[in-house]
Amino acid sequence: MSATSSTILNLPDQRTATLPKRTYINNEDGLLSWLFTGDHKRIAILYLISITFFFFIGGAFAGLIRLELLTPQGDLMASDTYNKMFSMHGIIMVFLFLVPSVPATLGNFLMPIMLGAKDLAFPKINLLSWYLYWLGGIVVLGALVLGGVDTGWTFTTPLSTHYLNTHVVTAATGVFILGFSSIFTGLNFIVTIHRMRAPGMTWFRMPLFVWSHYAASILMVLGTPVLAITLTLVALERLVGIGVFDPTKGGDPLLFQHLFWFYSHPAVYIMILPGMGVISEVISTFSRKRVFGYTAVAFSSVAIALFGFFVWAHHMFIMGVSNYSALVFSLLTMLVAVPSAIKTFNWAFTMQKGSITFETPMLYAFGFLGLFTIGGMTGVFLGALGMDIHLTETYFIVAHFHFVMVGGMLMAFLAGIHFWWPKMTGRMYPESLSKLAAVTTFIGFNLTFLPQFILGYLGMPRRYHAYPPEFQVLNVLSTAGATVLGVGYMLPLLYLAWSLKYGAIAGNNPWQATGLEWQIQSPPITENFIEIPIVDHEAYDYEWLEHKTAQEVTTVG
Amino acid sequence: MHISPVLWQFLVKWLNASALFPREASTIAPYADALYFFLLLITVVGLTFVGCLIFGFAIRYRKEKHPIAIQVEGSTLLEATWTIIPLALFLIVFVWGALLYFRIYNPPTNAMNIYIVGKQWMWKAEHPGGQHEINALHVPMGRPVQLTMIPQDVFHSFSIPDFRVKREVIPGRYSTVWFNATTPGTYHIFCTQYCGTNHSAMIGEVTVLSPDDYEKWTQQSTSGTSLAQNGERLFASMGCNACHSGSAAARGPNLAGVYGSKLQLTNGSQVLVNDAYLRDSILNPSQHITAGYAPIMPTYQGQISEDGLIDLVEYIKSMQSNYRVQQTLTTSESNQAAPTTPGVVKP
Amino acid sequence: MDNTIVATHPHTHETAVAAEHEHVALPQHRHHFETPEQQREAGTFGMWLFLLTEIMFFGGLFFAYLLYRNWYNPAFVAASNQLSIPLGTANTAILISSGFFMALAVWAAEVRKKSLLVIFLVLTTLFGLAFLGIKYFEYKEKWDKNHIPGQNFDVREFVNPHAYGLKEEPLAPDMAQKTQVFFFLYFAMTGMHALHMIIGIVLLFWLMWRANRGEFSAGYVAPIENFGLYWHFVDIVWIFLFPLLYLINRHPVS
């Protein structure tokens, strides 16, 4: 053990911390200064407010769905209404919450700072991205208000093209616009990472948070345009009546499936990779240790992105793809599972020989590790061809993707929000209440979704609003869990808002974390850095941090 | 199954009795469950392992007990280990899953065939003997049954969870699934592909009967005309007999005995004449012209429903000679009024 | 104090930065970039990435084309033969010329010749408009012949070409219906292409206006260069569309 390896946690004395005088928040005043900003941090906050708004709308739909499913009969609402509920839940949660969640909020806020840059490469495009988000969101809400859409978030043809008279084209247009919001965010990130790293910040000195956003951005940029053209074709088929997906006119409904899933599978990696980046940062900080196997984790992120492009037909195993095709995609699905396993073990081993504390972000990270393992392993169930035959299109699938998306991604998002809340706002959130919320969420989540695995194996199909009575007990358990989960999500909304005025002042590095973002004030100034830093240390270099904190005078403001 | 059958039965029955596990009612079900239990096992083991690591490290290296963190470089050995072991496990799962898949989707050659037409929002089962069921399916136990399925409108998916079989019912093409039911009883049929308003109502019941009961049922439930007989009627009324009369100078190829044979097409390729081929050649004849014949067959796209196509396919499958074809031709070319059969509605 | 990372803080770095800020000072320099070179490189990289997304976007249509041409080859051949080769070739030549003028415009901006820049931008635009004009003419012809896919699609010319004076093989009725698929892809692909050209022409007008004010003849050429990339991309898409749509199975008429 070397003399400089001591990484004793010396949190600065919070009681003496004061808020800095000039921050990105009070730099300019007035609504217009926010609405026309180019500052990536302000845009991140705008996004944060926006996605929270849509999250609760999507969550309300989820609540209604679970309420209906308390009883076997379809007694709470008409069939058509229920179909609209789950369709809107899916569309809002996927496109208006999960896809932008970490990248547009935490990614936007932190990436330039982590790289040592003053802003993203294209601030105006960043703002455009947010406007497109709202335009798409308004169009989707428009579809809702006009009467809803009931295609499911998957827009399956020929149902969506010829057999529904709901607002399919409106919803598809909304999603199209949201796609471009996503593309521009990804494009911005890629250019920033390639061209705007500070001197000395080599690729392998970047935080893993940046690596995962890089991988996710590749997916956003390459995958989303395919969704755009697919939805355009659906809209044209509805409006003009041509038969590109209609077998009676020579078209092929499977063509739609291929085109749709070519984007929508990488989309799930767009959703999860940024969350994985958050977990790397959180586990490292609260173990006081560099991430075990940095290179492995970095390459795994890129591997997931690359492999993720080649597995789309595992959503179509029983849909008439050839046997040969099914074999190839099943094999590739098994291969894409391996990098996630690698990452999970690397995170676990990051804790070995560390010095671990259990603040709220770390609790969410633990939750992520357990739930993502379950979610990921159930993905292996589904990638096994013969097993998929029985499990596909049932509640097993619903449980699987909620485990990875909600148990995984949403927990990672909350971990990140709590972790970087002091940096973004200069305030600490209340620790005991947040721990309570984390535990509540974890319990509620398991109660909601574990029974759904059982329901799936029993055969209960998804998107059913009435079901045979023998499935009721498990559905009731699931709804009970959903109530608890709802409470778990309401709490952060309340106490985080409270903390803006009444939270303890954070100081610039309340967690004593490495990373350039923690070396500047909280909240940061608009230009992030007074002078561009020159980086001469590795990522997660706690020895460097210790050396530095020993030397500096800790003042804030 | 390599674990004791007693243990297996106990496990499955106990879980089933607790409403946590479906019944195993087909020959393939135990195979599917075996893979499932294996997957559950590796998931539980993996989760336990990860959980032990996390909790173990969290307790052993918590700040109070381990105030100084030791920066570890990493370990290629560990990386290799946790790359190779998961990969190996996943590849085992891949092979097992692929084998199971081929078992589930490759019917034995002696399977009896039943047609399923899915439409919003019901299942129609058409037995070759002329039994028609809606949202119900009667099958004999102990015999392989193949279902040839097609929808009338949108995607549906035919699922019998207790048999562990499911297949998408795809617009524009036949898809098949087979099973061999082992236990008499009734089991759910679900539509598992979202298909619109009453997707949740597309629930049916498959009734597995002992061979004797099944015989009785076929006799009681027949509509009087088999599918092939309906097809024969259609064949004449749609004018197919005019070109496919079976005579030497006929404009269309002879269809007697064509099912199951290998056909040479005008574009040089060879095809096996199966259900899908017959259906396609009625709807898209220009891509299925037998060598030596002119591409003059009109298309019947939009003029026959899927039920009608099934009737025609069944008829052609059963056609051994052209005797009756030529009979109907003579009848239609005569100027006598055709006798009407009351109550027969053209499908 | 904590807004600078002080690992080493050599005096040379400060003076270097100060020196930079002395002699550079293009008015369009955005201050989140350290140097104008960084800004320029980032802009070009961004445009290339955007073009990559466009390739993926058109890719979906190309994939559909691949599938259906494979399935319905006779219909595609017959339908393709209805497109006018002279007009298509003319359009190809026009678009390539337009691209040539765009390249010259980029050169003119780099050598800071304002009037030449404006002239070349104008020529680029004119040729682009000519392309669109011919396309309108072609579309109108299809409208008149009822070859727009949809309710009023007319297959008679394909079922009985000799009656219309065409030296084509007649198609069976079901295959003749599949010509709709070809025409749908024709309108979708060339329509999407034309949409991108229209957007490009709108941008050209804006660039012409700015060029006329001298914004690009003082060393700041990034918008012209990056637009050039976009315009050449639109050109390349057409180079793919032309043979795929117009030249299926063409052979000299014997």
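As written, the chain order gives the labels A, B and C, with residue 1 at the start of each chain.
Just so we're on the same page, a contact is a pair of C-beta atoms (placed from the backbone, for glycine too) under 8 Å apart; a residue touches a chain by one contact, two chains touch by 3 or more.
These figures come from a predicted structure and were not determined experimentally.
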Interface with more contacting C-beta pairs, comparing A-C to A-B: A-B
Per Cα centroids, the chain farthest from subunit C: B
Centroid spacing, where centroids are CA-atom means, of subunit B and subunit C in whole angstrom: 46
Subunit A-subunit B separation of Cα centroids, rounded to whole Å: 38
Multi-partner residues of subunit C (each touching 2 or more other chains): 177
Subunit B: positions in contact with at least two other chains: 301
Subunit A, residues touching no fewer than two other chains: 252
Subunit B-facing residues of subunit C, complex: 74, 171-175, 177
Subunit C-facing residues of subunit A, complex: 112, 116-123, 125, 183, 187-188, 190-192, 194-196, 221-226, 228-230, 233, 236, 240-244, 249-252, 255, 258-259, 508, 516, 519-521, 525, 527-537, 552-553, 555-556
Residues of subunit B defined as touching subunit A within the complex: 19-22, 31-32, 35-36, 39, 42-43, 46-47, 50-51, 53-54, 57-58, 61-63, 66-72, 74-75, 78-79, 82-83, 86-87, 90-91, 93-94, 96-105, 120, 153-155, 157, 159, 161-162, 164-168, 170-173, 175, 188, 190-201, 203, 301-302
Residue numbers on subunit A that touch subunit B, as the complex places them: 1, 5-9, 74, 79-80, 83, 150, 152, 156, 158-159, 163-164, 247-248, 252-254, 287-290, 292-296, 317-320, 323, 326-327, 330-331, 334-335, 337-338, 341-342, 344-346, 348-349, 351-358, 366, 369-370, 373-374, 377-378, 380-381, 383-390, 392-394, 454, 457-468, 470, 473-474, 542-543
Complex interface listing, subunit B residues touching subunit C: 283-287, 295-299, 301
